[in-house]
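Heads up: the structure comes next, in structure tokens.
Here the chain labels run A, B, C, D and E in written order, and each chain numbers its own residues starting at 1.
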Amino acid sequence: MDAIILQILNGLDKGSAYALIALGLTLIFGTLGVVNFAHGALFMIGAFCSVTLSKLLNLSFETVDPTQKDFLGNPLKVKTPYVQEWFGPEVGAAIIDWSVPLAILFAIPIMLAVGYVMERGLIKHFYKRPHADQILVTFGLAIVLQEIVKFYFGANPIQTPAPDALSGVATIGGSFGLNISYPVWRLVYIAFSGLLIFGAFAFLQFTTFGMVVRAGMADRETVQLLGIDIDRRFTIMFGIAAAIAGLAGVMYGPINAPNYHMGMDFLVLSFVVVVVGGMGSLPGAVLAGFLLGILEAFASTTWATTTIPGINQIIIYLVAIIVLLTRPRGLMGKKGVMED
Amino acid sequence: MGILEVKNVNKRFGGLQALGDVNLSVAENTVHAIIGPNGAGKSTLLNVLVGKLIPDTGSVMFDGQSVLGRKPFEINQMGISRVFQTPEIFGDLSVMENMMIACFAKRDGAFKMQAIGSMWSEKDVVEKAEHMLESMNLADKREMHTASMSRGDKRRMEIAMCLAQEPRLLLLDEPTAGMARADTNNTIDLLKKIKEDRDITIAIIEHDMHVVFSLAERITVLAQGTPLVEDTPENIKGHPKVREAYLGETQVAA
Amino acid sequence: MFGLKNTDLRLLLIVFVLTMAAPFILNPFPTESGLAQFNAGYPDLMQKFVIFGIFAIGFNILFGLTGYLSFGHAAFLGVGSYACVWMFKLLGYNVVPGILLSIVVSGLFALLIGVITLRRSGIYFSILTLAFAQMSFALAYSVLSNPKFNLTNGETGLQVYADDPQWFHSDRLPDLPHLFGLSMRATHKMQLGAWEFQFNAGYYMCAVIMLVCFYLAIRIFRSPFGLMLRAVKSNQQRMNYTGLNSRPYTLAAFVISGMYAGLAGGLLSAVDPLAGAERMQWTASGEVVLMTILGGAGTLIGPVLGAGLIKYFENIFSKINESVLHQWFGFLPDGLEDFVITLIYPFVGKGWHLTLGLIFMLVVIFLPGGLIEGGQRIGRALRGKKASDAGKSASTEPAE
Amino acid sequence: ASHAGFTNAPQGGTVTLGFNVPQSGPYADEGADELRAYQLAVEHLNGEGDGGMLQTFSSKVLEGNGILGKKVEYVTGDTQTKSDAARASAKSMIEKDGAVMITGGSSSGVAIAVQGLCQEAGVIFMAGLTHSNDTTGKDKKANGFRHFFNGYMSGAALAPVLAAQYGNDRKAYHLTADYTWGWTQQESIAAATEALGWQTVNNVLTPLAQTDFSSYIAPVLNSGADVLVLNHYGGNMVNSLTNAVQFGLREKIIDGKQFEIVVPLFSRLMARGAGENIKGILGSTNWHWSLQDEGTKAFVQSFGTKYGFPPSQAAHTCYVQTLLYADAVARAGSFNPCAVVEALEGFEFDGLGNGPTLYRAEDHQCFKDVLVVRGKENPTSEFDLLEVVEVTPRAQVEYAPDHPMFAGGNLGQCNPGA
Amino acid sequence: MNVKPDFNKGKNYAETAPAFLSVWNMEAYYGESYIVQNISFNVHEGEILALLGRNGAGKTSTLRSIARMDNPQVTHGEIWLDHKPLHLMSSHQAAQAGIGLVPEDRCIIPGLTVEENIQLAQIAPPIGWSISRLYELFPRLGERRKQEGVTLSGGEQQMLAIARALARDIKVLLLDEPYEGLAPVIVDEIEKTLRIIKEQGITTILVEQNAVRALELADRAVILDTGSVVFDGSAKEVLGNAELRAEYLAI
């Protein structure tokens, strides 16, 4: 029982990551109709917002400590972060410790700006172009962004640990006779994703904004004929999608250390999630994210891999095939969206 | 016994009874018009005939064979061709290529591998396509992409493609909508000529009464999914119910 | 001639001349000069050009004509490679059986996958093909390489070992892939002044096969079958109501392009007898998509150009390191030299991806029709205004 | 004229070496460090710089005037950590640039692929970082040599230390990257630890592309195991270790025993990626800059002065292999691969770190001391991440050439090519 | 969009703009094909102008140009609506300035219900008729309010398209073949509606193939042929001029 619940939690956790990325992607891909191969790069940039912030907070001045030697035998230079100098060692250390949550605040404006620039500068010109062209241009952009990050941060992963207070293990379910310990940060991640997903839904469902964007996606020209400045709304939409992807990245940092190609690692999977969920459906994308996450978690148990060797390697694709063959438009897809 | 027999066909969309107990018999080698108010179910009926929609109940027989359960291309190969209400053509292909596709489909059936033959060496097809374009006044546009044609031209293109298929039953869904008067008259003449030249049955949906009354030998009036009356044009013109529900006052004069 | 119209024949001739003279054309710089770095006329890269050219031509038959965007075509390439190496292992190093088998096996594999995936269209089709390819990759990478049942030799890649049966191998034959005794590696080097040109047996075999493939592709493009494929892309609804069954057409196109991919895979093994699973990964499938779009989807020669450009960057730009830059800019005063090198360095050597990404973006932004459009524009500019009218009428024929 | 009869016999006053390292992809940083080492080696061979290990090397034939009087030049390429790309890049070095020796790489798959290619083409291959038993086991080739240690040697060095530190009565749970290298390492570690009384309760294969290992870590908790062995490298290692620590494995007490995590193959670059999580974790490594022998000190000094940070084990391997190749050519008096192979086979030397070293003739594997290291609790700098726990003497990691884990291969004949 | 007013004449055309809506020397291209070839005409406030011509004459293109849609691209000329320079606006700005186009293929938005299609028109200012008032005019739409717009029958879609235009407070209604595909009774209805609309003071440009019908309704007529104006005058004049009708309208 414990084991099952643990895997469900793992599934939820993976699922939140998939769902968050897919949510942003489906806004751009399923709603604006742009095949955005740079979406993974947005996720990665989000994570690197947090790396950058932590670097900034760790900006240090050097003092020479003659009692210690460095690897060449010279006196060791000891580094002290400026924040510790300014705010005192304790407060300074606490600020550094909380850099990931702080990075959320830091990342939102940055991601909105990145989304804005990307849409205005590039994507805007590609709404009416064939999907193939969109693939090429966004793939090119993804490579460029990735290489820039690699140029400044290197290819190795860089740890962005959760604050100490949130990095332990929580024991849950005690009152139900269960004994489950689960990393606190992962629980935070699940909760955060839930909030973000809910927020995005509320925004798109309970405001006319969502309707306008959907309409604009289906027929841009006509929506403009009705006096609506669809371009501006698309830009906002893109910014939101970028921000969601970026936040997903920030929050993911403590789970797995960010590296420059993390976006590409998630890219294909997030397309699969969006399509399995069904084009143009936000709930579909979220549902598919959680479904695939949980199935993946269970497929990697020893029980599953001994029953069907290699199932953990192919489960996601297998499920995708089964879903798409039994349900022509994925789980909750809308008719007519990107079927040609 | 007509070439097309529609019996007790029903079709619901959710709460809406789009077709209710439609019975219709189209006699061979006649022009049969189906008219009726907007939303009466005319296009829906056509969709049922060509396999785009499957009716909830009822049967549709073409020349003694059931069309239900067949795929659209199979129904077409049986000899039923359809012109759509909004033109459906191969937009990014040229006029000539559009026509050749239709001619190949007529000659070779639903599928044929001719991966390395050259399409321009298929003399009979090319000639027939040229001829069709000629007769539909489209020859001077042969290299044009059909997507950039004006709408009247698109419609003529589609009719021409259907005729190239030499169907036994031609279904026309508002063929002259959006056509200039001159072309409408040309189309009427063309359809008349085809009617004379070969054995063909035509079912036509049209709101332009000028077209209907120049062509139709029989008229079925559909209203709210059910045939209201079926009669000769003369009788329909004078039918009070039809006048009230459909024709209005001005049209009869036209 | 060959049943082709004049324009097509001219195109074929141009491609013929280009491939046959490639060792000269691709080696424009003297061996000792600093620019020799940009020479691409050595066997491996020339082979890659034509082999990936074949891959892209085949892919374009599916994508360019029908608009079905397969994101799993690398699976067929991989299967072809494995089939060919297995022939080496079992029969011997003659490439003929290997290449034939790779076409057959990939064709069958494409048939199987096509029957399933073509039930969907649009993005759903793309993801289905992607899923199949990723599954094939995962299976090849680990599951099918377990010691009990080793079909692919996993990460290391399938290769010929000394204790393989090689039933038809004899000591007189080369111990490397060969065509009835002519080793694929046989290279004739020709010294011409400061230049050196290499004529490689493997390259010429691949080049001839590519010409045949290209010829067939032209025929397909111009055939009634090709017309039907374009009809699929244009309007499936109208197609069905014109009495045409679109499914067998798309399936045939899928299988043909799968066979092209398998052939390319077989040739990769034929010139270099090692088949690795990563050939089947989504990045490999993505690469052929990029090649095709970059060159110009739906055009005959575009995909080949796209393949060439990507492979060129991968192999040439990645090798420009700091010391090469210093060699080039050594003539500049020191400060300036360092400055120039700092500017250029991020874009070459380990930064070659960056340049490639930028090229992708620049090409789609400024040449919406791909490289081929660039060529047309240059051609038009050269021929002046009069020719530009001709260009306009040619553009109504999309498969130029 | 004496150089005729083999592939790419150097013409004129220069000789070209091919440095084939990952410059893009996840191992790019490691590749960059390898490249730095190569450049340093070339400098030293050409008589520039402080000479590095040339001073400490037991063989004294290299004079700092290039190789056999020919100035050393080099070309570089990007393996992308993909066999195809690595082979393409190596081929361009051989076919276009006339390289007589190819070296580098950062994974076993690539090393084996390029080694095979060099065998066919008739050039020498000096493998870079490759740890799979197969490189000098079932895929060994006469033209290829490996300076790096392997999975078996990791096991042989690590097991006694593990037993000493954690006791003989332990239950190990293995997570293993599902490809050749992972399998051979897992096999080696399991065999070595079981020989000392450990039990292997489970071995779970994880997909290469896995990024989140939580669903593999969770079952460990209830398996009864008290040690987790992570047969992962690179990004996989960083993530699986991070996840294991996240799940609180290190705080667990199982049957009164402290739960432990072991990472059999360590590299400092990866350790940096793993951050805090690496502290106190045991593993093995080929070489570490904090060793105190003369060779190491000279190399670290020379590398550190030039680049500002200490070299990684990959850099060390690559540097040493370049020197060894040059030395073998000088001793043989010829660039002919077969002469080089002859000179390297059975070659014993010292002064390049890791104590006295042997290139065994039977399989071209090098034998030398292996380091067991632990993630340092209180690093003084960002480079000071590992502390050496034990230097396992060479004798303890040696094995017979026909050891079952290495069986099945055939070195074949050296191939001089054309 | 990016069209600069042409000041060749030395003074701003707006000052002399003789009418409510003035199109002056307008030229427009689809890519490289020159479709609208230097068209000028005026429409006075509150009148109905019939824009006639054969298939392909450029009627639709003219309307689209006035509504400032991206395609065809207007490269030259000026368009003034009530002293506002439409030629400097993009299409949503033109819409806000009071242009309401009912496109020839109706362009009902897929995925939205009938009611949502109308609501969409009332998001940007200025808002015109209320939804309930529109349902009074077209009861059929009220019955189908929850149905997806694109599944309506052809005639119903036409009603929706007109309703959608009226849902905005427009100054000029551009109707591209509004009778097409409609049952004769409905055509009568719409004609009545157009009269009602005219009474409200809305200016209308009507493109219609059924020239006689259009001319009976219209005050004035402009006839286009291959992208140029060949006639500009009163509707009566056309009806009375058999030669003109025969040559350009074939009636």
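We take it that contacts are C-beta pairs under 8 Å (C-beta built on N, C-alpha and C of every residue); 3 or more make two chains touch, one makes a residue touch a chain.
Listed by chain with UniProt protein names: A = Amino acid/amide ABC transporter membrane protein 1, HAAT family; B = Amino acid/amide ABC transporter ATP-binding protein 1, HAAT family; C = Amino acid/amide ABC transporter membrane protein 2, HAAT family; E = Amino acid/amide ABC transporter ATP-binding protein 2, HAAT family.
Remember, it's a predicted structure, so these values are computed and weren't measured experimentally.
Under the contact definition stated at the top, the chains bordering both chain A and chain C are D. Averaging C-alpha coordinates per chain and comparing to chain B, the farthest chain turns out to be D. Between chain A and chain B, the centres computed from C-alpha atoms are 52 Å apart. Between chain A and chain E, the centres computed from C-alpha atoms are 47 Å apart. Chain D and chain E have CA centres that are 76 Å apart.
Residues of chain D in contact with at least two other chains: 28, 178, 205, 207. Those residues of chain A in touch with two or more other chains are numbered 313.
In chain C, the residues touching two or more other chains are 138, 141-142, 353. This structure has the following touching chain pairs: A-C, A-D, A-E, B-C, B-E, C-D.
The residues of chain A lying in touch with chain E in their complex are 208, 211-212, 214-215, 218-219, 221-230, 280, 334, 336-337.
Put simply, chain C touches chain D in their complex at residues 39, 42-45, 48, 138, 141-142, 145, 154-157, 159, 161-163, 176, 185, 187, 198, 268, 272, 274, 276, 278-279, 314-315, 318-319, 321, 323, 349-350, 352-353. Residues 2-3, 6-7, 10-11, 13-14, 17, 68, 70-72, 76, 150, 154-159, 161, 167-169, 181-183, 185-186, 255-257, 259, 261-262, 265-266, 296-298, 300-302, 305, 312-313 of chain A are the ones touching chain D in the complex. On the chain E side of its complex with chain A, the touching residues are 67, 69-70, 90-93, 95-96, 100-101, 103, 107, 109-112, 116, 119-121, 123-125, 164, 168. The residues of chain A lying in touch with chain C in their complex are 35, 122, 125-126, 129, 131-133, 135-137, 139-144, 146-148, 151, 268, 271-272, 275-276, 279, 309-310, 313-314, 316-318, 320-321, 324-325, 328-330, 338-340.
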